Structures are given as C-alpha cells and as structure tokens.
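As structure tokens, here come the structures.
There are two complexes below, and they share chain A, which is joined by chain B in the first and by chain C in the second.
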Partner chain A sequence: MNASNQGPGAGTTAEWPLWEVFVRAKAGLDHKHCGSLHAPDPKAAIQLARDVYTRRQEGTSVWVVRSDQIVASDPADKAMYFDPMEDKVYRHPTFYELPESVNHM
Partner chain B sequence: MYTQAMDLAPKEERKSVQSADDAQREAHFEARIAAGDFIEAKDWMPEHYRKTLVRQISQHAHSEIVGMLPEGNWITRAPTLKRKAILLAKVQDEGGHGLYLYAAAETLGTSRDQMTAALLSGKAKYSSIFNYPTLSWADVGVIGWLVDGAAIMNQVPLTRCSFAPYARAMVRVCREESFHQRQGFESLLTMMQQGTEAQRAMVQDAVDRWWWPSLMMFGPPDAESPNSAQSMRWGIKRISNDELRQKFVDACVDQARVLGVTLPDPDLKWNAERGAHDIGAIDWAEFWRVVGGDGPCNRERLAARNQAWDDGAWVRDAAMAHARKRAMKEQAA
Partner chain C sequence: MTASIRLQLTPDVRYVLRIGDTCLVHAQRLAEWCGHAPVLEEDIALANLGLDLLGQARALLTHAGRLEGGGHDEDTLAFLRDEHDYFNLTLVELPLRSGGADFADTQLRCCIVAAWLACLWQGLASSRDRELAAIAAKATKETRYHLEHAADWVVRLGDGSDASARRMQAALARAWPYVAELFDDDAVDAAAAASRLGPAASTLRQPWQASLRAVFAEARLAPPAEGAFRSHGRRGRHSEHMGYLLVELQHLQRAFPGGVW
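Up next, the complex of A and B:
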C-alpha cells in the first residue's frame, strides 16, 4: 500500500487511479473528451480537472469517469465494424438527385 | 529541444526476424504513415515506434516539470503584483503541460510512476536548458522570450506528429505557450524602454547568458543526430534540428533589434546568398556536458524533484487512504 515510501516506482499500488476528462465548452455544446488525469477519488478528480483543463475558461461543465470503466470498440475490428457503411450511400441526402427547383429540401 | 536527449540514445537496430503477421501489420502501418494518417493509442504500431514515442513524450513532460524550477525561483521576488500573477500563471501552465504530456505517454502503456522513477533516478533526461541558473529578474523575461520562443518553434510542428495523443496535447500546449513568450518579451521591453541604466545592463547580461544555451535547445547538428532520420520517416519529427535553429535565429535578430539588446555572437551576420543569418560556432562540448549531467544546476534540479516527491508521499498516501475509507463507508451503507 505504501509503495511511495519505498522510493519512486517501487510499486504501482500507490498510483492514483486514472480518469478521463470531458469538458462542455459552453451551454448548447456536447461534453468533449479533452484528456486524462490521476486522482484519488471523484471529488478530487473534478477539482483537478478544473485546474488542469479549464485554466482559461475552456469550460462551463466537467465530467470525469474512471478510465477502467470505459468500454471501447476494438481497433482491430475497425474494418469489420465501420467499413460496411461505406457502400450505403443511399443513407445520405446527396444520393438523391432532384430537380433544381426542389433541390433545397 | 525539450527532447534533445533523444539524440543520446544509440542508433537502434531493427529486429531482423519478424513474423509474417507482424510484417503485414508493419506494412499497413507504414502505409498509413505515408498517407498522413494519425496513429491512435490502441492501433497496432511497431515496438520501436512505441519505444521512441514513450522516450520522447516522457522527456518532453519531464522538461515541462523541471522547467518550473528556474522560474519558480523568482515567484516570491517578482517586482510587482502584476508580474507575480503572470509568473504564477505561467509556472502553473508548465505544470499543466507536463500533465498533458504524461497522460499522452501513458496511453502507450507506460505508467506515471515508471516515468517519475526514471526522472528521479536520473535515468530519464530533460532539456539541458533547465540546468542553467536564473540569476536575476531579467532571466525570467529572457526565458519567456528565448527559451519559450525556441520551444514554440519546435512544438508547432509537433502538433502534426503522427501519434495523435501527442499531437493533441501539443495543440493545447501551443495555444497556451504564446502568452509565455509575449509576456517575457513585454517584460524585457518595459525594462529596456522605461528602466534605468542598471536594468538595461541586467537585461543584456541575461541575454548574454541565455543566448547560446537557447540555440543548444534544438539539439545537435543534423549530421550528428543519429535517430532523426527514423523519426522524420515516421512523422514523429517534422523539421530538422538545424532548420528549426535557423528559423529561430532569423526571428530573434529582428526581435533583439526592437528590444535594443545585442546578441552575443560576433559572427552573427546576414548571408544574402542563403537568405538567412550565419552564426558562430556552438560549443557542443558544453551541450554534451550539460546533457550528460554536469551542468551548473543538474544536481540541484534533480534534488529538488526528489525532495518534492518525497515530501508529497504522505499527501498521496493520505488521499488514497481517504478515498478507500469513503468507498468502504458507502459500501456498508
């Protein structure tokens, strides 16, 4: 538990957990991932996120989430997951050619 | 630059035997780099690319953190409340830059504690520039003008680095860094234009001491930079050491004229044929001595970082103990 007392890097158990930080730049916009940081608990994570990522009014709201709680798609599945949409051009409005007079719909 | 010690590492041999799978993955990776794609942390990458980036990004982060020390030296002695507030904000920024960069390096699978341990033991390097002392208040201004100016020259191309988490961190850093250079120049300009004779002499003395170490920040000449070629090919590095140094010199000459200071190089002159300034010989023996650990403040800087780490141990432990206790209470409730 007290790895930090045995010199730097003597163990990793003392390292504060990693959190991902999401910031809403202003009302009306999405929260956007902007980086990560180490913090011992949720309250400290919010406080540190404010200090590290919003020193110049970059945000009006902050979310933090433990990095180990994020579930992500596997980069190796990228082709299988996302490429099939490439030939579904009919899902886009530009696929449909309309007469000029109604083309603004 | 902040990662100039990258050139200390021996030129690494690539593994000669690789599996057919790895060869295919590497070909795909090289094609993505060639096409100007960004590489994300979880994407497949050659081991050597990963190692190079961990070394470069962590050195960069260490430089930001150690870089807080020379300027921090003047926080309590800033001449006015305005200058103190500015300096505090700047030093806080440097700490922030270190944190963005450590986080980027961690995406590659190294831990914060491992990187900290490497810095504290002296195994990891940081920029040689921070091993020089800040002897007068003018040094704070000159660090902003020259040292941060040199850093910006280097960091702007890094925003296009092929490794995306590093590039994103650099976008954030560059956005903040511009204030650092401008506040330094403005502080010097105030002393030069509204100051006393003694204050002007103080500025010139600071320029005399920081000019050559600032030029060394760009790292050894291209011909003696064994790892540069691979980093260029991989899009980790975009512009060579000598090219960046030249851009920096050319920019500084005009700025020095506006300030009314002399750059301490009798051989510095415009070369019309090259369309650039020629400079005198850089003392590379001094550079290697400082990088190697024997600069004016290497021991002091490392001792300060070690003491900060040791003194902070109880805070880190107490915060974790508190978090555990709260979590247990919540579970029980």
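Up next, the complex of A and C:
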C-alpha cells in the first residue's frame, strides 16, 4: 500500500509477500513459470495472477507458490554444479542407431 | 463542437439504456484508477474489470441503438447524449478517487453492482429479446469473477485491521443511500416485466440480498437502515458529479467528431 495517502494505520503492514506464477497455456501442456507478483494471501495471489498474466488468453490454469518456499541452487555453486556437464556429450542419446521401424523418437 | 443527439425513448430503449449506461459509467469510474491503484497488480485487475464492463456497455448500447431505430451506433450513444439522456444508477457515477472516497468504496461498489448485475443477467437469460439474452449470457461469466474478486476484498478489508474495517464501514455508509435505487421500480420496469423483456428492478432485491448476506457477515459489516433518500439516475436525474464525468468522457468526440484510433 502506498503509505502517503493511507492515513492512520499506514505503515503498520509490511509489504505483501511475493509469489511465483506458473501458467498452463492449454490442456496437456505443463505449467510454465511466467513471472511473479505481490499478493496478501493465496486466493488474492491466484486472482491477481489471472488478472496480470492471463488477460490475453495465455492460460487455462494458474499455479502460484510463495517465492520464499522455493529452494534454489546457489549461484556461487554454478561452476561446481553445472560446468562439469560441458564435455559429457555421451550423455546425449545421439550415438545409437535407431531401427528403421522407429519413426518419431 | 458536435451537437447532442435526440432519442425516441420507448420503454424498451430506456430499459436497455439503463443497463448499458450503468456498465458504461461504472467502467469510466474504474478507469480513473488506471495508474493510481494502491498496488500494480490491483491496478491491472481494476482495469480488466472496467474493460469487461465497457464491453458489456458496447453490446448493450449497440442493441439500444437498434431498438431506438434512429441510426445511432454505440459511439454516438456513448458520447453524444446530454446528461438527462443517460440512465445509469446514480451509485456508479459517484467519485471513487475524490470527495472522501477511497479503495474501500471502490471494492464495495464493485461488489454491490456485480451482485446486482449477476441477478439482472440471470433474469435477462429468459428475455423475449434474444439479443439481450445472449448479451446477458456472455456477461454472466465476467460478472461472476467481478463479484468474487470484489467480495474477497470487502471481506479482507472489513475483517482486516481496525483501520481497514473502519474505512470499509464508512464506505458502506456512503454507498448505502444510493442502493435503494437498485430496486426502485417505475413504469419502464413494469412494461419490461409485462412484456418479458426483463425483470423489474424490485424483483432483484431478494436474490441480491441473498448473495451478499454471507459476504457482509464474513466482512463483519452491518448495512445501515434504509433512509428516505432516493437517487434517480435511472430516470435521467443525476448527481452533481455526472456533468464532470461526462465532460471527460465526451470531450474528445465532441471536439474531434468521428475521431478514431
């Protein structure tokens, strides 16, 4: 809330918590992360996600999750965690010859 | 400056204009929040809500123009009438961002009007006028969301902090004198009900009260007793705020006739 025009009681509430928003474009597809927003409670978060992220028919379903509930890898670990995969091309299944009868792999 | 149009106001035309103008003017007031709402997310939500109402107004004004038969389209009806030819509820023309009103007034008004429109759309679903029934059927889904969104805010603020509860109760006291008009019948309502064009205003009172009873209870709000004051926007007699609203709504079309994007 904007404290300047809220009168008595202004400043007593902390900023609304942050939520991550996931939208499913159509049935059968997965929910994709599309952004975040502030909302006071779960129901408001769902409604505001609908209003902010699906106003141009982007979705048929929304998920929201409190941002502080997400456990993320530490950016400082990026080299240790992810760089070693760079030279492991053999982990891609590109060295197999597929039988003719298998069309869409 | 473009001159105002003159209308052949049959009861049917009046009946449809009352609904269309209520949606139009409600949308105009909500649009005033654009860029000013307390938080960005709700700013977008209010704009969405206003645009839904504007869409409903467009369909209804287009239809009213056809019924009127004078060749007036939605734009002509929206922009080129004089004040006494608008027939919206007075409640929706009252300021939302000045004159002591605030965010609580906004959500409360959205809640009151959405609950009223929901009852009205339901009554119009069986209208003898198939176009009107189709407009109502489409609007029903939009209005259900408006009601849920606004009712949640009424509860959140009414049953929130001491300050938010005080503000919501004050908003209710400001709005309440204008609520009586929502259910105030006249000859136009009687004609609409008799010819099965749509429900008379008085028949909306019970379902409206039923749909808001739980909301007000959860929000710990006590509606004031009904007083003797009656507003008459639906009959073309408006508050002092209407003229200012129309100046802003109309000035572009009046100054640049037929201007388009």
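The rule is simple: the second predicted complex is superposed on the first by the 81 of 105 C-alpha atoms of A that agree within 3 Å, B and C clash if a C-alpha of one lies under 4 Å from a C-alpha of the other, contacts with A are read in each partner's own complex, and residues count from 1 in each chain.
As a working rule, contacts are C-beta pairs under 8 Å (C-beta built on N, C-alpha and C of every residue); 3 or more make two chains touch, one makes a residue touch a chain.
A quick note: this is a predicted structure, and the numbers were derived from the prediction, not measured.
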Inquiry  = A:Ala44 in the overlay: touching chain B, chain C, both, or neither? Say first, second, both or neither.
reply    = both
Message = Quick check for you: in the superposed arrangement, does A:Gly35 touch first (chain B), second (chain C), both or neither?
response = first
Message = Let me test your reading of the model: by the given contact rule, A:Ala72 touches which partner, first (chain B), second (chain C), both or neither?
response = first
Inquiry  = One more residue to check, A:Leu18. First (chain B), second (chain C), both or neither?
reply    = first
Query = After superposition on the shared chain, which partner residues are touched by A:Arg55: those of chain B (first), chain C (second), both, or neither?
reply = both
Key: If touched residues of chain A are counted for chain B and for chain C, the larger one   = B
Ask   = Do any residues of chain A touch both chain B and chain C, and if so, which are they?
value = 1-2, 7-9, 12, 16, 37-38, 40-41, 44, 51-52, 55
Parts of chain A lying in touch with chain B, wherever the complex brings them together = 1-5, 7-9, 11-12, 14-16, 18, 34-38, 40-41, 44, 51-52, 55-56, 72, 74-76
Key: List of chain B residues in touch with chain A within their complex   = 40, 42-44, 89, 92-93, 96, 99-100, 103, 106, 111-114, 116-118, 120-121, 168-169, 172, 176, 309, 313, 316-317, 319-320, 322-323, 326-327
Ask   = In the complex formed with chain C, which residues of chain A make contact?
value = 1-2, 6-10, 12-13, 16, 37-41, 43-44, 47-48, 51-52, 55
Key: Residues of chain C defined as touching chain A within the complex   = 38-42, 44-45, 48, 148-149, 152, 156, 161-164
